[in-house]
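Each in structure tokens, the structures are laid out below.
One chain, subunit A, links the two complexes that follow: it is found with subunit B in the first and with subunit C in the second.
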Partner chain A sequence: MELKGYTGKYLDIDLTNKEVKLKELPEDWAKNYIGGIGFGIKTCWDNIPKDVDALSPENVISFWTGPFAGTLVPVSSKYTAVAKSPLTGTIGFGISSGYFGAELKRAGYDGVVIRGKADKLSYIFIDDDVVQIKDATHLTGKTTWETEDILKQELEDKSIRVASIGSAGEKLVRYACITNAKNRHIGRNGLGCVMGSKNFKALAVRGTNEVVVDDLKTLLKEVKQLYKDCRGEKMYYGREGTPIKILKHDKKAVLATNNFQKMTFDGAENVSGEKMMEEKVRKIIACEMCAVACDHVNVIKKGKYKGTVGSIDFESLWALGPLCGVDCLDAVTKAVQLCDTLGTDTISTGVTVAWAMECYEKGIFTKQDTDGLELNFGNADAMIELIERIGNREGEFAKMLGEGSKLAAQKTGKDTINFAMQIKGLETSAYPFRVMQTGALGHATCITGAFYQRSGSYQYDEKDAVDRYSLDDSRGKLVADGEDDYTVVDSLIICKFSRRIYPDKEKLAYLWNLVTGEKIKYQDLLDRGKKIYTLGKCFNVRHGFTRQQDYLPKRAYEEPINDHINKEAVVKMDEWDKALDGYYEYRKWDKKTGIPKKETLKELDLDDAAEEIGV
Partner chain B sequence: MQEKIIVCDNEKCTGCRICEYVCAAVHEEKLNPRLSRIRTVRIDPVFDLAMSCRKCDNPKCLDACARNAISQDPETKLISIDKEKCDGCGYCVDQCRFGVLSIGIDDKVAIVCDTCREKNDGKPACVDYCPKEALEYVAISGIDDEKVKKFHHKVQENIDKK
Partner chain C sequence: MKVNVTLLTPFKKIKEKREIRLELENGETFYDLIEKLSQEHGDDFKNNLFESDKKIKTSIMIMVNGRTITDEKNLFQRKLKENEEYVFCAAIGGG
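This part shows the complex of A and B:
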């Protein structure tokens, strides 16, 4: 491997045949696909043909770091898992931090590709160059936290890092997550479900080798200031944290409440970030190589949930708080802890439960349907009980919800799909479509389903840099540029919370130079980002996705929001179509189909993709 | 002379391991926290601490070494390892009450904090780089001072409240 920062090697493990192969990272990958999700998307493209079911042994899940993991670059100990998503059928990935990514790099690998299906529940232990597939039947039904503790004890080293699934993953909840360092998760897209479908309980790693960079001395000098910048004025993540958005959003009337029926929440004060910080946060901790430290860990000291521990950010607080009408921080902490330990994505869990609550309040579900739960908005006990049942897949109702809001709504019928708040099957994040429409466009074009972290386009609305109540063909550029930028970030991989410490993006390119030895400009990285994102889109096209799936749930077009700030706020279909046109045009994709054009793919050197998707 | 040691405020320490990375980079010119002279530990869920040599009087590590590879500077109290004599048996690691010695993963000899005496302009790099200012390089008497100050602040606050 010519470029430094990479190990130049990855593991290719077939669980069916119990075969472990050590492979060389193709030389051109680093210069075309950066790392992280770039390598993951390329792996999926090369290995998952049309019609492969996400839960079949033919699906391939791969774990990757980028060149920065294990180096001094701030906020870089990250890894991703990438596969075809069982929740959406699109490319699926999530990114997690903690201590896992750097450890994997030090074990000597840029990534691990997992195929097939083990005949019984198994885990993989990577101990530098010794790789074993081991029996995990004794871990059946264990939570992610128990699994981590047991494996560290069993392997007799507390410094071993573990990424595992809980019972939700084992029992194929479609939005099951992968957990490491207890509070860090690959949450979105059901990657934990893919692990479960392979009888793959955990990946444990011990790495003792050095990570080699091109210019360590200069890097050591450069990062000193960056660590300081991580604590700068704008870096509120490490102080009050993202939960302060609860009151900010409530004030702005963009706090999605009761399954997006309202944009303000009467109980907002009770679940505010300020209150949480004052009363519940025991400490703010960090991931490896992070000078920001954003992990607000709540420890509940008294009452019904005494002893509960939960790491809570804005999205989790919102999804299991206001969205479900719940205004009790102790209950939200309990709900988050259940999601973390049983192994489900907090956002998908909250949005699915909120959908069920709306169905219940509308009389579509009776108490009999819900297996005895009174699922009114605000009923924290019922929410908590339901989350536990979903994670353990107990009872028919919870089983159905474990399929995700889209499939559950399709099964339920009665137009409940109109208010299942998902796109392509992925439950949406906290930025409501009707009152943050640039955000909505970014959620809809996102190749993994409704998620804010693939373009960050909601920020234009949040800052009121655009008219957030309308759309036109100029917004596509904002979204597409954001997608390419975030694809670089997710491929390098660094934490999005560090973006404010690089007001000049050339600094990132400079860090790339110091780590890899390749002298490039940020634009070169952006070009690679565009290529990666486009290949991800081609993966979706291969699996049947077109323009048709880039639409919002009907609620967004048909139910205007009215309150003291929002007046008849609704997404207008003609504007939406124009906005999509604008996006595809800017991307140089076909407007009618939403599929990349042949010449566009050729420009990106993706000729084989053009041939494969038949353009 | 009052010797100084590196102390860590466990309420400020976030467990980021930057001290370990920087220590290894400064001493070994390698990126590998396992080559660090300072160790971080997290006890779930939120207790974090980083620790390096405490410069004990009558250090156990010194007594434990069967090859006389360990010595202590009578003035600075710094522990040094004679790399030629050390055979990496690990008995000093075993005997240290604080777990701050380790056997280097590369050349298999004991490594221990030297407070960057000859590196990083003589300032301990871990303290220099700690993003949360959790680490301090202070005289042992200074630690008491800080505690007394904190106590007095608390008293003052209580008086102010009333």
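This part shows the complex of A and C:
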């Protein structure tokens, strides 16, 4: 491998035949696909043909780090898992932090590709160059936290890093997550469900090798300054944490409440980040090589939920708080702990439960349908009970919800799909479509379904840098540029919370130079980002996605929001179509179909993709 | 004329309250509002709001009636209107 920072090797493991192969990373990958999601998307493209069911042994899940993991670069101990998503049918990926990414790199691998299906529940232990597929039947039904503890005990090393699934993953909840370091998750797109479908309970890693960089001396100097910046005034992520956005969003009237029916929440103060920090947060934890330290851990000391421990960020707090009408921090902490241990994505869980609550309040579900639960908004006990049942797949109702809001709504009928707040099957994040419309566009074009972290386009609305109540054909550029930029970040992989310490993006390119030895500009990385994102899009096209799936749930077009700040706020369909046109045009994709054009793919050196998707 | 002011993180509450109603003269500006808040709140408010050169810190966000204000120059001269809602909070994105 010419470039430094990489090990140049990855593992290719077939669980069906119990075969472990050591492979060389193709020489051109680093210069074309960076690492992280770039390598993951390329792996999916090369290995998952049309019509492969996400839950079949033919699906391939791969774990990757980037060139910075295991080096001194701050906020870089990240890893990703990428596969066809069982929730959306699109490319699916998530990114997690902690210590796992750096450990995998030190074990000597840039990534691990997993195919097939084990005949019984198994885990993989990578101990530098010794790789074993081991029996995990004794871990059946164990939570992610228990699994991590048991494996560390049985492998007799507390510093082993473990990524595992809970019972939700084993039982194929479509939004099951993968958990490492107890509070860190690959949450979105149901990657834990893919692991479950392969009888693959956990990946445990011990790595003791060093990671080589190109210019250590200069890198050390740079890193010192970056550490200082990590503690700077703008870094709210560490001190106060993202939950302080609850009150801010409430004041801006963009705090989606009761399944997006309202944009302010009467109980906001009770679940505010400020209150949480004052009364509940007992520990703040950092990932390897990070001076930001953003993981705020709540400990509930008294009352009904005494002894509950849960790490809470804004999205989780919102999804299991205001979105479900719940205004009790203890209850939200309990709900988050259940999601984390049973192994479901907090956002998808909250949005799916909120949909069920709306159905219940509208009389579409009765107490009989819900297996006895009174699912009114604000009923924290019912929410908690339901989350537990979903994670354990207990009872017909919870089983249905474990399929995700889209499939549950399709099964329920009665137009409930109109308020299942998802796109392509992925439950949406906290940025409401009707009052943050640039954000909405980014959620809709996102190749993994409704998620804010793939373009960050909601930030234009948050800052009112655009008219957030309308759309036009100029917004596509904002979204597409954001997508390419975030693709670079997720391929490098660098923590998104670091954006304020790299205000000048050339700094990232410079770090790349120092780590890999390749002298390039940020624009070169962006070009690679565009190529990766476009290949991800081609993966979706191969699996049947067109423009048709880039639309919002009907609620966004048909139910205006009115309150003291929002006036008749609704997404207008003609504007939406223009905005989509603008996005495809800017991307040089076909407007009618939303599919990349042949010449565009050729420009990106993706000729084989053009042939495969028939353009 | 009265306006509503909400102080969120990193600003501290005034008299144990996050939301206060302030009385101002007709024709007074946002700058007058800041002066008034500084009187009530002391240096802590100003230190949180300003860089040493009286520029608003980039780590701070100000919203008026739900709208984020980015045009600092015009902000100071902005004439206050009855019942407007001013929110002082942290510029924090992501989640």
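Operating definition for what follows: the second predicted complex is superposed on the first by the 615 of 615 C-alpha atoms of A that agree within 3 Å, B and C clash if a C-alpha of one lies under 4 Å from a C-alpha of the other, contacts with A are read in each partner's own complex, and residues count from 1 in each chain.
In the analysis below, a residue touches a chain if its C-beta (ideal position, glycine included) is under 8 Å from a C-beta of that chain, and two chains touch if they have at least 3 such contacts.
Everything numeric in this text was worked out from a predicted model, so none of it was measured.
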| item | value |
| --- | --- |
| Partners on subunit A (subunit B, subunit C) - clash or fit | fit |
| Which of subunit B and subunit C A:Gly70 touches, first, second, both or neither | first |
| Subunit B versus subunit C as contact partner of A:Ala253, first or second or both or neither | second |
| Partner chain in contact with A:Met289 - subunit B first, subunit C second, else both or neither | first |
| Touched partner set for A:Lys234, first subunit B, second subunit C, both or neither | second |
| Arrangement angle, subunit B at one end, subunit C at the other, subunit A at the vertex (C-alpha, nearest 10°) | 80 |
| Touched partner set for A:Gly94, first subunit B, second subunit C, both or neither | neither |
| Minimum C-alpha spacing, chains overlaid - subunit B and subunit C, in Å | 14 |
| Subunit A residues contacted in one complex by subunit B, in the other by subunit C | none |
| Sites on subunit A touched by subunit B in the complex | 70-72, 99, 106, 182-183, 208-213, 216-217, 220, 223-224, 227-228, 230-231, 282-291, 293, 297, 299, 309 |
| Complex contact set, residues of subunit C against subunit A | 6, 8-10, 18, 57-59, 61, 63, 65-70, 85, 87, 89-95 |
| Subunit A partner contacts - residues on subunit B that touch it in the complex | 11, 14-18, 21-22, 25-26, 29-32, 34-35, 42, 44-46, 48, 105, 128-129, 131-132 |
| Subunit C-touching residues of subunit A, taken from the complex the two chains share | 233-234, 236-237, 240, 242, 244-245, 247-248, 251-253, 269, 273-274, 313-315, 318, 429-430, 452-453, 456, 459, 462-465, 496-497, 499, 565-566 |
